[in-house]
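Consider the two complexes below, in which chain A is the common component and chain B and chain C are the respective partners.
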Partner chain A sequence: MTTTAVRIDPANPTKAPGRSRGDKRRGVRSPYPSWFYIPAGVLYLVFFALPTFSSFYFALTRWTLFSQQFIGLGNFVQFFQTPALTQGFINTLIYGFLTSAAKVVLGLALALLLTSPIFGRGYLRAVVFFPVLVSTVGVGLTFKSLLDPFHGVVNSVLGFFHLPQPGWYTDPHLALLTVAGVDIWKGVGIATLIFMAGIVAIPSEYFEAARVDGAGSWNVFRNVTLPLVRPAMATVIILSLIGGLRSFDLIWAMTNGGPGFSSDVIASVIYKQYQAGFFGLSTAGNVILFIVVTAIMVPVQWLLNRREAEL
Partner chain B sequence: MKFSPLRRALVGTASVAAVALALTGCSGFGSTGSNTGSKVTITFLTQNDAADTAQAKALITGFEKKYPDVTVKLNTQPAGTQGDNLMKTKLSTKTMNDVFHYNSGSLFQALNPKTTMTDLSDQSWVNDLDKNFKEVVTAGGKVYGAPLGTSSAGGILYNKKIYQQLGLSVPTTWDEFIANGKKIQSADPSVTPVLQSFGDTWTSQLLVLGDFANINKQDPNWADNYTNNKGDAKYVNAPAFEGFQHTSEIVADGLVNKDYASMTNAQAMDALATGKAAQYPMLTSSMATVQQNEPNDMNDVGVFAIPSPDAKYTSLTLWEPNALYIPSTTKGDKLQAAKNFVAFANSSDGCTIQNQTGAAAGPYATSVCKLPSDAPDFIKDVQKYIDDDQASPALEFKSPIKGPNLETILVGVGSGTTTAQVGAQQYDQDVKAQAQQLGIKGW
Partner chain C sequence: MTFRRFARKYLVGIIAILVSVVVFLVPFIFVVLQAAKDPKEAGLMGFTLPSTWQVGQNFFEVIQTNNYQLLAAFINSFILTIVSVVIMVVFSAMVGYLLQRKRSKLNHVANFFVLAGLIVPPAVVPTIWVLQGLGIFDTLPGMILIEATLGLSFSILLFRAFVATIPRELDEAAVIDGAGPMRLFFRVILPLLRPVVITVVVVQAVAVFNDFTGPLYFLPSSDNPTVQLTLYNYQSQSVSQYNLLFMSILLITIPPLIMYIFFNRQIVAGMTSGAVKG
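Coming up: the complex of A and B.
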C-alpha cells in the first residue's frame, strides 16, 4: 500500500480523480484482491512472526520443554559467562570477515576470467559453480577425510614431497582457518556468478571507449569494470558476510567447534546449549546472534548503499 | 494508514487461521499403532546403532512368539544429546512410543518421570533388581524402569599379552601406572603406552569420570556437596582435580599416541586388542567393538581401576545399564501389553536373548539374568572389584549435574593447549551453568 499510487492509479485510468473518499481508497488498491494475501499472511504469521516473538520471550525463561520459569536477563548473564563465548565471538568475526573478503577477491578474479573469451568457458563456469550445489555437510565430511592428518590424501601427498604435514583440523591454531578455507572453496561459486552477472551487464561501449582512449587492461579494470561492478560487489559482501557470521553447518561437520573451543563460533556455542537441553539459554544466544549480525550488517549495508548512490 | 473493515476482517480471519494451523500442526501424531479386534499393537523405541537394534529385534521376536496377540513395532532414533532432546520433545508433546529404552540416572531424572512415565513399582521383576540399579530408576519413591543390558565399568583397558611379556603387574597407584607406561615405551617404541582418541570427543572424559569411585572412597559426601554447592567439592580442588591432572600428565610425559587428535574409539579399541597399544582409559562397553572386529583377541584385554595417587582409595567406577520405560500416555490394552513386554525382557527367556545378542560389559542388574559361562575375561576383572567392595557408581548416578562441555574442555587439557588448572576452572563454571539451568537450590 503506497500513497504514491494515488497519483498514477494505473488500475483505473478511466476514473477521474477527485471523486468521493471511498473511491480514492479503492484507487490505492494493489493489483491483487485482498484475499490473495491470506495464504502468505498465514504462513508469515505462523512460521516467521510467531517464532520470532516467542523466541524473544523464551530467551527470558528457564525452559526444559516440560516447564518454564521466567528468570529475566539471567540467561544473557550466563551466556556471557560461558567459557567458549569470548573465543567464539572472536572466531565468528575472523571467520565472517575472512571468508567474505576472500570470496570478493577470488570471486571477482574468477568472474573476470570466466567472462573473457577463453577456451572451454561454459565447462569452467560449471566447475566453479559445482561446489555450491553440493550439501555443506557432505563437503565438510569429504574434506575431513581428505585432510585427515594421518590417513588423509592431502597429507600423504605432502609427505611424499617431504613437506610438513600440518594437523589441518586437529591443530587448534589451524582448525578455524582450515574450515574457512573449505567455506571459501564452497561459496566462491555464488560470488563468481554474481560478479559475472555484474560484469556482463556493463555495456560494451564503455570498454570500447576506454580502448579507443588508449587504456591498457589494468586501466580498463581499474576505471571501468571495478566501479561499475560495485552493486554486484555490495551484494556479494552482504550475502557472504551474513553467511559467514551465522555459519554453522560446515564448522559442525568438520570440527564440532574443536579441538577444545578453538573453532567454536557463536552459532556452534548456541547449538551446544541446545544439545545440553538449555533451551532458554540457547534461545538467548540466538537473540544475541541476531543483535550481533544486525549491529554489523546495518552499518555495512548503509555504507555500501551510500557509495552506490554516489556513483 | 487505516485498515478498511474488509481488511480488518481479513486480518482477523488470518490470525484465527494461523492459530488453527499451529494447533493442527501439533496433533495428529498421537495414534501410532491400532487396535484391530483382540490384536494389540505397541511400539518400542530404541537407539539406532547396530547392537541396540539387533537386540530389540530379537526381543520382539521372542516376545511375539510368547504373546501372539501382541504386535510390537520397532522405532529407532539416534543416541546422545540429539536423542535426549528427542526424548524430551516426544514426552512433552505426548507422542512417546509405548515402551522406550533410555539411560538411567541423571538423564532419566531429566525426563521428569513423575509426570511423564508409568509407575512400575508393583511389577514382579522389581524384587529381583540390584539395589544400586533400583535407585537410579526411582523418582519420588517409585520405580519407573526395568534394566536392559548389563552394567559396565570405566577404567583402564589393557593388553594382557603386553603386560605379560614385559612382566608388568596391574598398578594400584597412579605413579605405578606412569612407571608402567614408561617401561612399555622404552621396551618397544612402536607400542603406544596410553591411547587417547579425541576423534570421538566423548572418550576424552574417562580419566575424570572414571576417577569418581576414587573420589567417593576418599570422601563419601563429595557427590552430595557437589550437587548442593557446599564446601570445596569442586573440580579445582583435591581430590576431584586428580582427573584433570592425570589427563594432562600423560600427554606431558609423552605416553600418548601421536594421532590422538583424530583417532576414533573404534580404531583405538582395535589398536589395543591387536597389541599396537598397551592401555586405554575407556568404558568396558567399548569391548563390543572388539567382539565384532577381533573376536579372537577378546580375552587379551583386561580392565583395572584408574589408579588413585594412594593405593587404598583405588576403586572401579561403574555405569548402571540403560532401562526400559513406559510413558504415562500409554493406556488400556496397550499399557498391559507394554508391561508384559518389559516383564518379558526381565524374564529368563528375555535374559537368554540378552545374552545371545548383547555384548556383556559387566554384571547384570537383575538377579534373574546370569552371565553366560563363556563370558569374556574382562568381566571377571570387573566382578572382582565388585566382590571386594572396591567399586561404586559413576557420579551421574549420584548427582543430576554434569556440565555439558566436559568433553570439549578435556580435549583441550588432553592436547596440552589448556592446563589442568584452567580446564578444571572452566569445568566448574560449566557445572555452575548446568546447576542453574536445572534450577537446583544453592547455586
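Coming up: the complex of A and C.
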C-alpha cells in the first residue's frame, strides 16, 4: 500500500490533505465513504456472524427451532460418548490432512510438468482443471458407478489383469480413502493452477544463474523452485485444508457416511443429526467443527505467513 | 543433448497425454456413453458403446420426468446463480476497494471478518433459525442471500489484491473533475476492475451453480428445486434408470463447461493475480 499517495482536497487544492476528520468538518466528503462497508457488512452480520455466535448458545440446548431447553454441555458429552460421532471426528482429520497433502504433492508435480515445455501442454492444462468445474454430486455419482464393486469399469479392468477387486466404497476400511481419492481427483486442478502461477512468477534469471553454477534439475528444484514457490504452497495448503476439513457433499453423494459410520465426517454427522431433528446436537457438531477448523487453521496460517515473511 | 531435449519434450508429453486420457477423460466419456444408452444397458455400467444411440430420447425423457422438474430446477438455479453473483460482485468490490484505498480503524475489523468468513464453517441450523425469523426460509430469495454472503470473503480477497494495481491518481483526477464517491466507484473504478470481476463471476457462478449443501439445508421442500438437489433426489428415487441419471449429470455439466470455454484465460489470469498474493 502506498503511503505517499496524495489526496487532493477539491475545495482547497493547495492545502495538503488532512485527515478525513478535518475534511468532514469543512463538509467535504471523502472519496472513500465508509458506508461502502454497509451492504456487505449487513449480509455478513445477519447471515453469517449472527448464526455463528448464536450457535454457541444453541449448542447448549435441546432445540426444536420452536422450543429450547438449556442442558449445558450435554450435547458435547453425548457427541464424544457415541462411537459413531467420535469416528466422524477422527475421519475429518484423516480426510482433511490426506486430501490436502496429496493436493500439495500432486499439484506441485503437475505444475512443474505443465510449466515445462512439453508436447500437448495446452490440452493438459485444460483437462487437469476441468474437474474443478463439474458438479460435486455429478462427480460422486459417476465415480460410484465406475467403482461399483461388481460391474464397475475399474474392477472389470482389475479383474482382467487378475488383480484383487476391492469393494471401493462398500469396504469399511476403504470407503473413506476412496472418497478422499475422488476428492483429490476433482480438486487437484486448483492446486496445480496456483502452483503454476507461483512458478511462472519466479524470475527466469534465478534459473539461469543456477544452471550457470552447474546445478542439475534436482538442485534447481530443491534450491530455487521450492523456496520461491512457498507463497503459492501456503495458499494451496490453506485452501485445501479448509475445504477438506469442512467437506460434505462428495461424501454424502458417494457413501452417505457409510458403510456403517466408516466414512462419516463431522459435517455429515451434523447433517444426520439435523435430519433426525436433533437441532441442538447438530449445532454442537457445528461448534466442534468450528473449533477443529480454527484450532488447525490459525497456527497453520501463522506458521506459513511467518515463513513467508522471513524470505 | 538435442536428442534428450526432444525426448523430454515429446516422450514426456505423450506419456502425460496418455495418462490424462485414462485418468481424466475416461470418466467423462463414460458419462456421455451412459447418457446415450437404454436403461438396461446403462444398468450394466460397462464401458461399452451403446448398441442403439438414444441421446435425443433420453434427453426428452429426463426433461419430462416429474412434471418437468429438471427444467424448473434449471430456471431456479440460473436465477439463484445470477442474482447472488451480482450481489456478491458489487458488494465485495465496494469492500475490497475501501480496504485497499482508505486507511481507517475499520480496516482491521473488516480484514479480520474476511479471514473469519473464509475459515469458519457456516452454522447451518442457526442460519435456518435466522431465515425463519425473517420469513424467508425455504424460499429462493433466502437462498440467494445465503449464497451471496458465503461468497463475500473470497471475492473481497480477490478484489482487494487487484485494486492495488489501479493508480490512485485516477481517483484524484475523477474527484477534481467533480465526481462524487458513487460516480467515482461505479463509473471509474468498477469498469477498471473488469478482469477480476470476470474471475469472480466465473469462479462464484460455478460454485453457486454446483452448490449442493446449501440447497439441501435451506431449500428442503420440493417447491424450489435446484439442479444439484434434483440430481441427488433422482438417484435415490429411480435406481433402475441409470441412462436418465447420467443424462442429467451431462446436462448440469454443460453450463459450467460453456463458462469455462469462454473464460478459460481470464479465470487463470485472475486466479493467479488474486490467489497467490491473497
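We take it that the second predicted complex is superposed on the first by the 280 of 311 C-alpha atoms of A that agree within 3 Å, B and C clash if a C-alpha of one lies under 4 Å from a C-alpha of the other, contacts with A are read in each partner's own complex, and residues count from 1 in each chain.
Definition applied: contacts are C-beta pairs under 8 Å (C-beta built on N, C-alpha and C of every residue); 3 or more make two chains touch, one makes a residue touch a chain.
All of these numbers come straight from a predicted model, not from anything done at the bench.
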Which of chain B and chain C A:Leu163 touches, first, second, both or neither: neither
Touched partner set for A:Ser262, first chain B, second chain C, both or neither: first
Partner chain(s) touched by A:Val46 [first = chain B, second = chain C, both, neither]: both
First, second, both or neither for A:Leu73, with chain B first and chain C second: neither
Partner chain in contact with A:Ile90 - chain B first, chain C second, else both or neither: neither
Chain B versus chain C as contact partner of A:Ser55, first or second or both or neither: second
Partner chain in contact with A:Val105 - chain B first, chain C second, else both or neither: neither
First (chain B), second (chain C), both or neither touched by A:Phe143: second
Larger contact residue set on chain A - chain B or chain C: C
Chain B versus chain C as contact partner of A:Ala126, first or second or both or neither: second
Chain A positions touched by chain B in one structure and by chain C in the second: 1, 34, 37, 41, 46, 50, 65, 148, 274
Chain A residues within the chain C interface of the complex: 1-2, 5-8, 10, 13, 20, 29-34, 36-37, 39-41, 43-44, 46-52, 54-55, 58, 63, 65, 113, 116-121, 123-124, 126-131, 133-139, 141-143, 145-146, 148, 151-153, 156, 185, 193-194, 196-198, 200-201, 231-232, 235, 239, 242, 245-246, 248-249, 252-253, 267, 270-271, 274, 279, 282-283, 286-287, 289-290, 293-294, 297
Chain B-facing residues of chain A, complex: 1, 25, 34-35, 37-38, 41-42, 45-46, 50, 62, 64-67, 69, 74, 78, 81-84, 148-150, 167, 170-172, 256-262, 272-278, 280-281
Touching residues (chain side chain C, partner chain A) in the complex: 8-10, 12-14, 16-17, 20, 23-28, 30-31, 34, 44-47, 87, 90-92, 94-95, 97-98, 100-104, 106, 110, 113, 117-130, 132, 134, 145-146, 148-150, 152, 156, 164, 168, 171-172, 174-176, 178, 180-181, 184-185, 206, 209-210, 212-213, 216-217, 227-228, 231-232, 235, 242, 245-246, 249, 252-253, 256-257, 259-260, 264, 268, 271-272, 275-278
For the chain B and chain A complex, residues of the former touching the latter: 1, 4, 6-7, 10-11, 13-15, 17-18, 21-22, 81-82, 84-85, 88-89, 91-92, 110, 112, 115-116, 198, 201, 258-259, 261-262, 404-405, 408-409, 411-412, 415, 417-418, 426, 429-430, 433-434, 436-437, 439
